[in-house]
Each structure stands twice: as C-alpha cells, then as structure tokens.
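Think of it as A, B, C and D in the order they're written, each chain with its own count starting at 1.
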Amino acid sequence: MSILRIGRIELRVLDLKESVDYYTRFMGLTETGRDDNSVYLKAWDEYDHHSLVLTEADSPGVDHVAFKVRYAEDLEDLNQRINEWGLSTEWLAAGSRLAEGEALVTTLPTGHRCEFYHQIERVGIAVGNTNPEPWPDDLQGVGVQRFDHCLLVGNDLEGATRFFVEVLDFHQSERLITADGTMLATFLHCTNKAHDIAFLKGPDTKLHHVGFYVGTWDNVLKAADLQSRHGVRTELTPSRHGLTRGLTTYFFDPSGNRNETYSGGTFPYYDDEVVTWTEDQAGKAIFFHGREMIETFGEVFT
Amino acid sequence: MSILRIGRIELRVLDLKESVDYYTRFMGLTETGRDDNSVYLKAWDEYDHHSLVLTEADSPGVDHVAFKVRYAEDLEDLNQRINEWGLSTEWLAAGSRLAEGEALVTTLPTGHRCEFYHQIERVGIAVGNTNPEPWPDDLQGVGVQRFDHCLLVGNDLEGATRFFVEVLDFHQSERLITADGTMLATFLHCTNKAHDIAFLKGPDTKLHHVGFYVGTWDNVLKAADLQSRHGVRTELTPSRHGLTRGLTTYFFDPSGNRNETYSGGTFPYYDDEVVTWTEDQAGKAIFFHGREMIETFGEVFT
Amino acid sequence: MSILRIGRIELRVLDLKESVDYYTRFMGLTETGRDDNSVYLKAWDEYDHHSLVLTEADSPGVDHVAFKVRYAEDLEDLNQRINEWGLSTEWLAAGSRLAEGEALVTTLPTGHRCEFYHQIERVGIAVGNTNPEPWPDDLQGVGVQRFDHCLLVGNDLEGATRFFVEVLDFHQSERLITADGTMLATFLHCTNKAHDIAFLKGPDTKLHHVGFYVGTWDNVLKAADLQSRHGVRTELTPSRHGLTRGLTTYFFDPSGNRNETYSGGTFPYYDDEVVTWTEDQAGKAIFFHGREMIETFGEVFT
Amino acid sequence: MSILRIGRIELRVLDLKESVDYYTRFMGLTETGRDDNSVYLKAWDEYDHHSLVLTEADSPGVDHVAFKVRYAEDLEDLNQRINEWGLSTEWLAAGSRLAEGEALVTTLPTGHRCEFYHQIERVGIAVGNTNPEPWPDDLQGVGVQRFDHCLLVGNDLEGATRFFVEVLDFHQSERLITADGTMLATFLHCTNKAHDIAFLKGPDTKLHHVGFYVGTWDNVLKAADLQSRHGVRTELTPSRHGLTRGLTTYFFDPSGNRNETYSGGTFPYYDDEVVTWTEDQAGKAIFFHGREMIETFGEVFT
C-alpha cells in the first residue's frame, strides 16, 4: 500500500467569486472546473485535475484533505487497515465531486475529514511533456508551483501521528515537544517533502495553513512584494522556519484561511532520524529569524 | 520491498591522497573512515557513515553503486525478484567494507556492479537532531549537501530501465529518444528526486558523472567560482539541463571522474507522466542554455 | 569639489573587547589597527585602512561620521563653503587617529559631528588588484562587503538636507513627508548608492543604524540565519524597504547600536527625480512587506 | 564639468520591425517614440525618453554613443576641453532626433561617434515617484532594468583611455594588459558602475556588445531560460566575468549586435586602484568560469 502524496485540500470560503479571483490572479492557480458549490483549481506543475477545491460556506476552514494512492486496489486494503486500527470509514461515490473517482473517507483523531482516492482526471502540467520549457511563460501573480502540504490543528497529536505512521506508513520528520514529551507539533511525510501533512496542538478540526511551493528564496521575496502590492493580509514576512528549514511567508486568503509560500525545506528519507525541537525553543523552531512566537500563529485558526 | 535511495557510489581514483584532499577540502565532504584500500566520506546532511568510497586503482571509474533498502528483510525478497527476472546475484559479507553490513550484489544490464544493502553505521547530520541550525558553520569549499544521483553509461538502456522499473519498482521520470523510440538516456528515481540513477547510451560499465546536491542557484555560482579559483577542470559552467530542469556545473576530479553540482530540479511523483525529449532536441535537452552538444559530454567517460 | 563617499563612522561601544569580537567574528570585518581608546576595522572590499572605528565609552552611539574628498585641496574649498553657509569649522590634526591625515570638522544641523578628509593609509582589498578572485575565501560570519551608509536621527531635516545638497553637492534620492510637506526622513547620496547618509526625524545627535552591504538576497538570508545562530538581538527579519527598495535585516551590536545588512537597493543618478513617500504610507515605506511600523524602529536610538 | 552616465546608444539594425519586436517583447524595453528612420526605447527604471535608438541600415553596428551631462553649460566647457585635447567637434541641433536637445559631437580615438547632451524629454520610471512599488507588474520577457554600459572595439585603447580620463574625468576601474603593458581592454566609469564604457583591442569603429542591467543572478538565469525558449542566438551561457566580477549572458539581437544581461558587478569609487588582468589570464579575466577564450568573443563585432 502506497500513498503518493497529499493530493488535494478543500477549503471553505466566504465569497466564492472573490476567492477564485484571489487564488487565480494573485496565487497563480488555474481554474479547471466548477460545479454547483465549488470551484476546482490546479497549480502549473501538477498533472491532476485539481489540488484545491473552494466551496462557499458561512465560515472559513478546511472541509477535507485527501491523499492519492498509487493503485486503485490500495483503497480496499487501506479501508481494512483503517478499520482494524479502530476508525470507521465510508465510501464516497465516484462523481460526487468534479473529475474525481470514488474516495474512502475517515475522520482523523483530530476530527478532520480525510479522504483517500486513486482516480482523478488528468489535465497535465502547463509546460507539457515533450521537450518542455522549465517554466510556463504566462504565470499570474505569485505563480505557485504546486500544493505542497497543510498544517492542521487538533488535540490528539500522538493519535494523529500513530495513525499516519502505523496505518498509512508515513514517516515523522520533525516534532516539537514539551519537557515531558507531549507533542505540540508533528510533521509527517509520505514523499521526500519535509511534510505532506503536519499537526499543531489546539482545538480539533481546525486549519492552520495551506502551503504552496514556490521553489526559491527569490520567489519568496517576489511573493512578499506581491502581498504588499495587493494588500494581502500578511502574518509572516520572508523568514525561515527552524522546523523543516523552510523559507516562507504566511498570509491570509480573503476568507481568513492562512496560506504559506514555501521553498527550500529539507528532503527527508524514511530512515532519517526525527528532528526534535524542545518547547523552550518553540519561538526559534517556528520563526527561526525572529525567535519569538507571533501571537496570531497560535491563535488564528479557521 | 522498498528502496530508500541510491546510498553510495565507489569511485576508482588514481591517487588516493590527492583525491581525498579534493573531495574533502574542495567538495566539502567529511572523511569518516579508511581501510587498506579505501577512504569513506559523507556529506554534511547525510546520516549514514558514508555515501562515497574512494579506492585507489590504475584507472578511474565506478567500482559499484549501491541502493539502501528500508528493511533488512527486503534484501532476501529482492534477491528472489532479481533472480526471477533473470540476473544472477551473490552476497557480500558484512564487514567487507568499513561500517557496512551484508550486501546483495548483481550486475546491471549495462555491466555495472550494483549492490543493495540495509545495514550501515550511523554518524548523523552535521547540525544534529535537536534544535538544529539550518546549516553547519564549518563547511569547506563547495560544501555539498548530499550525494544526489549518478549517470552511468551503457548500451542496453531499455534493459536497464525495465530492470529498475519492473524489479526495483523505480519510476522513469524522463527519457531522451531517437525518432524510432530507442532510448539515448533514461532517468529513474525511487525518491522524489528527478533521478537517483540515470543511464546514457554508450559503452558498458562506464561512469558519466556523480551528482552532488548544492541546494540553490547561488550555490551553483559559488561552486563555479571555486572551480575557477582552484583550477578544477570544468566542462560545463553554470547552466540548466532541459532534462530534469536541474541547475548545474560539470567538472572533473583529479582522476578524471566527472562531478556535478546540482540543484533546482523537478520533484517527480510516481504517477507523473514520463517527460520525453526527442533526439533532434538533444542539445537543448542536456544543455538548455547553450542548446548545442558539448563534445566531451558524449565522449569522456571513466 | 567632490566627495567620494561616506568613508567612516566612529561608534561608541560599552565593551571594546566584546565589540571587536562581534564586528570581526560575526560581521566579518578585519581589524587593521588599534590605539589607546579605539580599534580600527575595514571590510574585505574596501581599500582604505578603516571604515569603522570602535571607541569605548559609557554610552553607545555615534561619535562622528566622515566623508572622503577626492583631492587634498577640496578640504580648503569645503571649509570656505561650509563657513559661508553659516556653520563653523575646525581642523583636526593629522595623526589624531590612526592612519588618518588631517580632517575638517563641523557640526551638522542635527548636532552630529561630521568630518571631511582626504588622506588615509591604504591597505587594499582582500582579493588583491592583479587577476583577483571575485571574493575572498576566508570570510568570517556575515562577511559584509563594505560600510554602505548610516541613518542618523535629528530634528532639522530640512536644514540637514539643504546642507548636504547646497554645500556638499549631494543629491536627495528619497524622502518621507507629512501631509504639510515636513520631512520625516531624507535620503542623500554623493555616489550612486541609494544613500550615503540619511536622516530620520527625532532627537538630535542620535544614531539610528549603520548599514553594511552584503550584495544579495541570499546573503541577507545567510545574515539572518547567523543572527539567530549567534543570538544577535534582531529587530527586523529579512525584508524589503519601500524606501530605496533595499533588502535588509536590522539587529543590534552588543552595545545596542543598530546594524543593518543591506543589498539590492536602487542605483540613483543625480538627475533622477526624488521619490516621495507620504506619511500615511510610512509603514509600507519603511517595512514594505509588513506594512506596519515596528515600534522600536522609531524609539530605539543610540 | 560632470558627466552623469552613458545615456544612450544608437544601434544600426537590419530590419526595424523585427528589431523592435525583439527589444520590446523579448528584452522588455518600452517603445517611447519613432520618427522616419528610428525607433526610441527606454527601460522600466529609466527616467529619460530613451536610452536605445534603433535605426534601420544595411549593416548592423553602433551609430553613436552619448553621455548625458549634468548641466546645460557643461557642454560648452566640454567642447573647449575636447578641442584643447586635440579632437574636433561639431554641434547637432536640437530636434535632430526625437525628444532630444542639442548635442556636442566628436569622434573617439577608436573612430566611434560620441555625443554629449543635457536636454532630453522626461518620461519617468514605470513605478512612478510617489509611494512606488519596487518593480512594475507588467514586464515583458527579460524585463531589463536599465541600459548599463557598452563595450566598443578599437585600436588605440591608450588614446581612448586618456581621452576619457583626462578630458571627461572618467576613472579606469580595470584593464587587461599584455606583458609589455599594452592595453587589450580598458574599463572606464563616471558613475559607480564597473563600466559606463569599455574598449576592446580590435578594428576601429566596431561594437562588441550593449550591456543591460538585470539586477540578480536569478534574473540572469531567467534571461538564459528565455534566450533558449525564444531561440535567441547565445554566445555565453550564465557565467561570471573576472573583469568587473559581473554575472552575465551574451547573445545576439536579430541583426547580430551582441547583447549582454549583466548583474552583480563591482561598485568602484574614484579612488579605487585599477584592477589589472594579465594577458596570460585573459581567458579567466573574461570568462571566469570557463577560463578559456570563446573564439567568437574576439572575432564577432558589428
């Protein structure tokens, strides 16, 4: 059983039109389809039909995250493993969303809806597959390269970590712990990204941020310049995380969902030892340059 | 069965002392041990005891490449799969080299000795695992971050590709083909690197280059500046590959083995479609900026 | 009469030994001499004997700034012009400080001691003048390239601007003004730097910061990483100024004098029109990414 | 008498339409006007009406270079100095070209037509002068920031150097000399650029290249990527010059006039000592990374 990556995230947004405008013109995603309630988007370097789904709702936040499995038959295997581990599952029929096949659905120990899927329509990368240019020439705004990861908020980080490691065969790259070993943050990957998904200690079912990959420190600067130009509410100006070594900015979409531009993080292998950050160094762990907690970081969730 | 990565390469060098000096002081690797014939080195961001072995010999070239498997029991499984595919194997006893456990050995369709192993002593990354800095403060020279990949030369690229895909479950990220579909180059990965190993059409058993990861385009410039300062024989000044999108320089170690500093390539997933380059665009595929074949690229092998 | 550049700044520091350690090992300057009270330092890409003088004192701050004139005879001409403009002057004899010739001394409308000089011993740049490498191979810490500019604090910014423009033939590159046109900040250059000297509205005789040039946005990141590693008190993590477009970090030397690593600013010519920032955009003018005033910026002076 | 900078260059091009398309869509300049024979262009960060004039002709090359003086009255002073030095001059009436005032014309010791001017219409920088963004959001192609310098070819480099130093008060930043001291290349500046104008030993009246400033090493990569994408004939892929430390690519406009994207060079002051490169290191001086002369560099002039 093998999970390829975190494949998509569905966000609740307050005003669909405004949100689509933000994610396409400012972030540089491409709209690939829409149905009654939702708009589907992909980044230029992604093959699948969508990695971000925006759905209008009364409050912002995350509707679900979903992981793509390598083979169709992985889903049935996964269903059994999840049930054996003690979580219940259900099936979402193919076509429930645009361009998607069936999905296996469960609820994470942190209360988040989590799906697994194999089938999704292919659109292809913007530069094509034959003698391609290294980047497309019509990028809008920040021009993010791919949906990279998300950070969710919840209480049972030990449970979430065990679920991803034991059931889904993820590897924990890094963690932030208290003096007594309680996890305050956990970083989990099934690729060689520093994290496909991570969790922060806090109220269940919440979203901390959605991370988009931008490739370089120069592109982080470009993103920050554009955040300023377009008046995008910004929480963290260009900086490094101690955790993952990532280079980053934090800012908010029009509904208040936190976004991140991310580049330059580690490239962990499954036999790497977990990197541990201690609570007394939490400021440095998260904001390596400022070395102090930004209050909203631990308070503003959607 | 899961292969973690290309874990090491053993190079034949003409003068061991001179080579160690080059790979430590110029390239920035660390010597972690030596035995009668060989010196063992690792890069700062690697955990294992070594990723490069230098062995004195009458001619330069590659002695073997080796892939690390996730579990000890993968080796036996792998042995069976390799034999079933039609290649013979043998076992190399633990301790045959410094700090290594047993290895499974086979010969690739291109004639190269290829090993698989699980057990190797751990040294750890230079920055440690608890509240680490993002980079070490005592890097020498180029200060390469990790052994990234190698490009080998051989005739049967179709066979090599099938072996890696069918037996080892690698994925082909890119390929360069003639008009009739014959592969002139094939890029294969078991991680999300653009290539763990690649093959170029040519005489069997040869080495094209060993690629070391340097992280950024600025570090490629730093490497090129240092190549000039230290009189290192250089074949390719800072450029991009069309294949893999990688940013790169090519140069030669004192024995004539080609080295590469590499950064910025693609991050392929297993469900990505193969990127195809056509022979008429071979110059652009390999030297994206110069768009013409550098003669020595296809002629100088060790 | 032509002024070549701001040539040096003398800082008061609380603990000379600790300060020298900071400016050499952390900032990467080289000590070129010392006398009874002071230590003299230069950056690697500067020819003259020193650009920074550290003098032990009971309180931090700036002792004086000094501008180098092109010809010895410029000093006498300058003396007359300054006196005619209404400021008094005096002469400081050659040898009053190490390696320096005579200096002409005046007091700026903002109360700062300001010197003009021509003669100073030459040490030369670290890479030499014959077939030089592009950068030295033994840089310490941040490895700043040159003393770039300083920002002083004072009340009469109109007077200071007129003095520099009318008497010293500087050009104003940028300014921050209130709705009624009062200057809150003024940027003045005699080179093609965005500023050789600038002034911020506030109490007379104070220092806001000393700016050191680091060349690239990647070097700003390196500086920020090192600030964190070495526990250097940091006020501004990597960011851009709207004013001058500069890329920057702010932090404090052990005495509390603010330092800046600077790169990437504008390259103004004397016929460029002044760039004007309005007070309602002051946050964005100074902290282009954060777009809010950092309180200490306008409060912490030495 | 003070010269502000090299203000414009007029190039002869074979096909005006094709050339305008290249310099606007590929290089990112803006057309600001045209008259019977010529098209006038400026870069986004320049104030004046034009810095590049394209004029259709039967052969490519440079029609003239022109330096802007600070004050109108500098021209008469300059006229006298040039005549006293032994060169004849003439006046070009205001309005002979679009948006230009009168110009003083002479012929350099290398046979090139050289003009001096003060009056030219102002267009302004693309980001405006009040609370400006750091860069414009509608850049085309390479998006060069300014016309930076040119390298001309001629025989009497000693004469040219003396003319610029003695008459125009330029400073020589660097030079390449033979063992007997004959100059093979000379770099001259009146700003803090590494060169406003430079000369290479060779046939009189020829153009080697026009240099455009692109700001960063990342932008040099972007330029090289675009050169490949658009099939622009390229001579030098991303590299460093030893001379000036500049980061660069060389390529050709549709008429065969060599262009350069340039960034990262030195920032010389008038009291800097000249940097000397010796002929035996000429390859390294010009192509710091490749360390060998590219044949066309010394052979292809227009």
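One rule holds for everything that comes next: a residue touches a chain if its C-beta (ideal position, glycine included) is under 8 Å from a C-beta of that chain, and two chains touch if they have at least 3 such contacts.
It should be emphasised that the depicted structure is a prediction, and the values quoted were computed from it without experimental measurement.
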Tally the contacting C-beta pairs at the C-D interface and at the B-D interface, and name the larger one. C-D
Indicate the whole-number Å distance between the mean C-alpha point of chain B and the mean C-alpha point of chain D. 44
Based only on mean CA positions, could you tell me how far chain B sits from chain C in angstrom? 48
Taking the mean of the C-alpha atoms as each chain's centre, how many Å separate chain C from chain D? 31
Where chain D touches two or more other chains at once, by residue number: 134, 216-218, 225, 228, 240, 284, 288
Specify the contact topology among the chains shown, as one of line, ring, star, complete or other. complete
Complex contacts: residues of chain A adjacent to chain D: 133-135, 137, 216, 218, 225, 228-229
In their shared complex, chain A is touched by residues of chain B numbered 2, 4-5, 45, 47, 68, 70, 122, 124, 129-132, 134, 146, 191-193, 213, 215-217, 240, 242, 245, 264, 266-267, 269-278, 281, 284-285, 288
As the complex stands, chain C meets chain A at residues 217-218, 221, 224-225, 227-228, 234, 237-240, 247, 249, 284, 287-291
